[in-house]
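These are the structures, in structure tokens.
Below are two complexes that have chain A in common, paired first with chain B and then with chain C.
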Partner chain A sequence: MTHEPKSSRTLATEALARVEGEGAMRVQIHDGRVQEIQLNIYEPPRFFEGFLRGRHYQEPPDITARICGICPVAYQMSACRAIEDALSVQVDGPLRELRRLLYCGEWIQSHTLHIHFLHLPDFFGLDSAVELAATNRPAVERALELKKIGNELLELIGGRAIHPINVKVGGFYRVPSRRELLAFRPKLEQAREMAAEVVLLVAGLDFPDLEVSHEFVALRHPEEYAILDGGIVSDAGLAIAEAEFPDHFEELQVEHSTALHARIRERANYLVGPLARYSLNSDRLHPEAAAAARAAGLGPTCRSPFRSIVVRAVETLDVCEVALEIVDAYEAPDAPAITVEPRAGTGHGATEAPRGLLYHRYSLDHDGIIADAVITPPTSQNQASIEDDLARFVSLNLDLSDDELRRGAEVAIRNHDPCISCATHFLDLTVDRS
Partner chain B sequence: MSDVVVIGLGNPFRRDDGLGHAAAAAVADRLPATTVVLLDGEATRLVDAWAGKRLAVVIDAVSTGDPPGTLHRIEVGVDTLPDPPAGRSTHGAGLATAVALGRALGRNPELLVVYGVEPGDFSDGRGLGPSVRNALAQLVERIVTEVQASCA
Partner chain C sequence: MTAPSGRPKLAVWKFASCDGCQLTLLDCEDELLDVAGSVDIAYFLEASSAAAAGPYALSLVEGSITTPHDVERIREVRRQSEVLVTIGACATAGGIQALRNFTDVQELLSIVYANPSFLSTLDTSTPIADHVKVNFELRGCPIDRRQLLEVIGAFLAGRKPQIPNHSVCVECKLRGNPCVLVAHGTPCLGPVTQAGCGALCPGFDRGCYGCFGPMESPNTASLVGALAAAGMTEDDIERVFHTFNAWNEPFRSAPHHQEVS
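Let's look at the complex of A and B:
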């Protein structure tokens, strides 16, 4: 970091802390104005879309799971749904419910990780969850237990917690018996209890007065708090089917990032993730989660990036309730998967990864070989909006020292739980005050 | 031996980084009554794996600059582990972070020993390189001897 005259500053963070993956941040300030903000995502390009070409249609759930160790299920589910769309088949009934249940496990472990290990230390002025463990041991112990239950649910349905191996186009390789799921019920009840305690913990934090005006984009389902499927909606009136995603959204290459940016063609950048999801779907929360949200001070919408920690906690409680309902109603299907036959076509699939909307598109030839693949992860879509948040934070806080400014800017980024590794195609802060 | 856990760490798709899993599997064959766990190194799962144990043996590739195939034994609390990468990406939160987190939570085993072999090849692909492959039998023998001695 350089320290130049107040009228001219450059702040640089060479490696962003407590985010998933690696990136940097550079802020240039001239005559008291922010000249340029860049999130530099420098993880090397990963070429997943490229090496999916020529692969069999049954391979993407296992290949794309490798994009992320935190949210592999999101990749598996978007991949399956896109390919099933291309093959004109629909997975419903108990197989769909098992997919939702698997996704609940991922939300529990991913949200619990971000809340406690990445985000919560910021609210106590701490640098890590290890420091938090020293000052608030019960919270970290509870987080470990809650995360573990999420992992165990992933193992039960997916075969293992990281990069599950039991997911296939059409359903699963093996499905659990009703008895197996009912045996897991006490752990889900324990998870629900702990998730409710987490909502109370984060509701009591001090939140800065900051709201964002980005257009919110998320899935919306007629009856459920959308995770696995639904139409794509925004608070600016967008209401489209998944297949229309390419008509309304475009990806852009920018020089300072190995991750593509994204924008709504008709307008500008937008935000996906918990704030968008909650604001567009709070009326679809499970009654217990909705009551917890109200008690935690959330209205029907939430535009405070800092309060996203409360939204994540409410969503964790919600998926615990959903998981219990799925377990109670479950009857094992006749077969672990429906039969699918290869055919030429293009399919679209969007699901709600913990960090937001995740869109996949595949084009298959008549043998079911992939001719083209497009994967649009949540962090890619959020980069431009995160840069806007950074610019706003820095503009409002130019009187801070470089160190204070850098710390605040990192918090502004962590609010959005970016997954750089997923997006790469991310963080160090450079502030240039010139 | 229920109060002992042997934990193999690493990534079998990166050549010599697969030595932890390979050695742990060989220990499981020799000591069927011992709990053996294969993990990728993520800190919270590591703490879960060794919490409440009297002895935890962690096996991983250990890079110090010694010649490939060199055996290492590091006793946590006696020997020095590298400082945890404080405040960095969660993707770098591994063994050192797990030790620090476990210590803060009082969840570390009574004795935590890291056994490792100096790697020579972290390139893509399965299978150990010749230096690590040749060292594997001796590594497994030392771990089996230490676990058996601790239970005697």
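Let's look at the complex of A and C:
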């Protein structure tokens, strides 16, 4: 299917499919070289940081959840932790464990969605999971069942799967009894079995040779595979507290996107998400998940964007193990939330959304009213690195036809599971070979 | 309007939104493969890169209208659709992003972006029905998946969807929840909010915060009085009405409707 490459051409995809939100890409090729690559995020801006000003400190968990229907818990957790930091309170013990358990539900749901519905069809040259169901119905039925258990866990702790209603600064409105959590244990055992099968399924896929050299950034916790809290680390030696995020990272506006581009000050673009998380934390995986990773061919680090599907499957298995541990050790706290009192201050909170590091900062006045809010989602942090991957893919494959090149470029984007809805404050591919 | 398979063609469209309402379709895990067997999912970018041309028998529209481009796009979606159903608070009320309607959008732009001039956006976020004829509005932030299946089933059968428009209070009574407002003095929008969630928040010892928007005949003036009596300040009351359905009357002006006693 290869054809004589024209010296100049333009490739464009006006609306990327199987990503969350709206975006496009445009690639300009001149004299056989990639001249410009743009991920155009035309997702309309919604101005969350603007209208958070003047709201009460208890509102961001509900309001910022609405930034993303796929990872609302990530927004709720980063918001709560940033505001609690501003109010100088710390949520720990069983309340922290319940937050981690809620987050496990979101990781199971979101990772299973991306693995099967957004990413897996690419490996078979198919358009959708529904098409995949025609050739491998058991795999799709298993995915639906696993995703459903993730959603049921979200409902058990959070009240509902999309935009949970039970999260507040200080903890929860109502906490489950030990009996309620133990009753859910058989489903988590079933989820663990299915997640282990998913690792085997994706380990058997064919992966193109491609490794990326981006600096990896993720949270790291002294004992856990960090999700809810930890220090911010990179494989270039960065090791900082959450509160130091603004000192080391900056967001820049670019003309072609409603998402802001993030970079490490005085250095370059970087990558957050499964590859970064795994490469910086694989020694923190639960032993069963670590064994599954090794059996699936992963080393201690992973730099292949295509193999991110294996990392997501390993992470899904890991959070099933984590959820089981939390359920087994759980004793209901005395109160559903700790008492918080308004006071003036600025607080920072970073957690690991399924797509990567999600940072929030809030400044409150003495009545607890928000004076300023900053939200840095994973996809805007990744956008420059995704553009780099695209440029590399196109440069190495200029002999492909426009259609093949376009399809490959879209796959290169979906490898990173960009969440465009999140990124705005993200994509059409236009390839211009002029 | 039917695919070569003979099944009616379904399209799912996104405007300004969080993707949560269209995700609700993928969250129908027990029914999804059956739905995919009874309709032809002709356009659903979040789930499939295959995009079949219209016309479509049923279009589900998520999101609000916030850009000049989207004003044109929704008209084209309407032209291509026999039945158009809006799903969620963004599509039916303008969503949380309709908070811009109460303020100066240029000021919001300058808070978030260094160069606001790169952006093309309207001063308002408005519901789809402000722009084109809508056959049915399904409420919620997010929508309820049982209600979504009812609406899809109803339109495919050519009947009216069975979606109640009474208040959340009725759902609390059906669930046997004690009234959080009466029993605990917890501020609650349940008396003026449309049912559909199953009275989730009161079931979690929390007051309703109005995700499904105003019910059919809400007495917001009376509730504003009760909220004030429960200890909410004027600012608190304005904030509680002005969230995900802020632009939907009477939530829009409710903070100024205090009953004269």
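In this section, the second predicted complex is superposed on the first by the 428 of 434 C-alpha atoms of A that agree within 3 Å, B and C clash if a C-alpha of one lies under 4 Å from a C-alpha of the other, contacts with A are read in each partner's own complex, and residues count from 1 in each chain.
By our rule, contacts are C-beta pairs under 8 Å (C-beta built on N, C-alpha and C of every residue); 3 or more make two chains touch, one makes a residue touch a chain.
Everything numeric here is computed off the predicted structure, so don't read it as measured data.
*Asks:* Mind checking the superposed model to see whether chain B and chain C fit together on chain A or clash?
*Replies:* clash
*Asks:* Could you look at A:Ile67 and tell me whether it touches chain B, chain C, both or neither (first, second, both, neither)?
*Replies:* Second partner only.
*Asks:* More chain A residues touched by chain B or by chain C?
*Replies:* With both complexes superposed on chain A, more residues of chain A are touched by C.
*Asks:* Tell me the contact category for A:Gly159 with respect to chain B and chain C: first, second, both or neither.
*Replies:* second
*Asks:* Based on the superposed arrangement, let me know which partner A:Asp127 touches: chain B (first), chain C (second), both, or neither?
*Replies:* After superposition on chain A, A:Asp127 lies in contact with both partners, chain B and chain C.
*Asks:* Thinking of the overlay built on chain A, is A:Val140 touched by chain B (first), by chain C (second), by both, or by neither?
*Replies:* Both partners.
*Asks:* Tell me the contact category for A:Ile338 with respect to chain B and chain C: first, second, both or neither.
*Replies:* neither
*Asks:* After superposing the two complexes, find the one stretch in chain C that runs into chain B, choosing from 109-117, 127-135 or 235-243.
*Replies:* 127-135
*Asks:* Using the superposition described at the top, list the residues of chain A that contact chain B and also contact chain C.
*Replies:* 15-22, 69-70, 113, 117, 127-131, 133, 137, 140-141, 144, 147-148, 151, 161-162, 421
*Asks:* Residues of chain B touching chain A in their complex?
*Replies:* Against chain A, chain B makes touches at 40, 42, 44-45, 47-48, 84, 86-91, 93, 97, 100-101, 104-105.
*Asks:* Touching residues of chain A toward chain C in the complex: what are they?
*Replies:* Checking each residue of chain A against chain C gives 15-22, 42-51, 53, 55-56, 59, 62-63, 66-70, 72, 113, 117, 121, 127-131, 133, 137, 140-141, 144-145, 147-148, 151, 159-163, 165-166, 172-174, 252-253, 255, 258, 260, 336, 410, 421, 425.
*Asks:* Which residues of chain C touch chain A in their complex?
*Replies:* Touch residues, chain C against chain A: 14-24, 26-27, 29-30, 32-33, 36, 41, 44-51, 66-67, 69-70, 95-97, 99-100, 103, 105, 107-109, 111-115, 118-119, 121, 125, 141-142, 197, 200-201, 203-206, 209, 211, 236, 239, 243-244.
*Asks:* Mind pulling up the chain A residues that touch chain B in the complex?
*Replies:* Chain A reaches chain B through residues 15-22, 69-70, 113, 117-118, 127-131, 133-134, 137, 140-141, 144, 147-148, 151, 161-162, 420-421.
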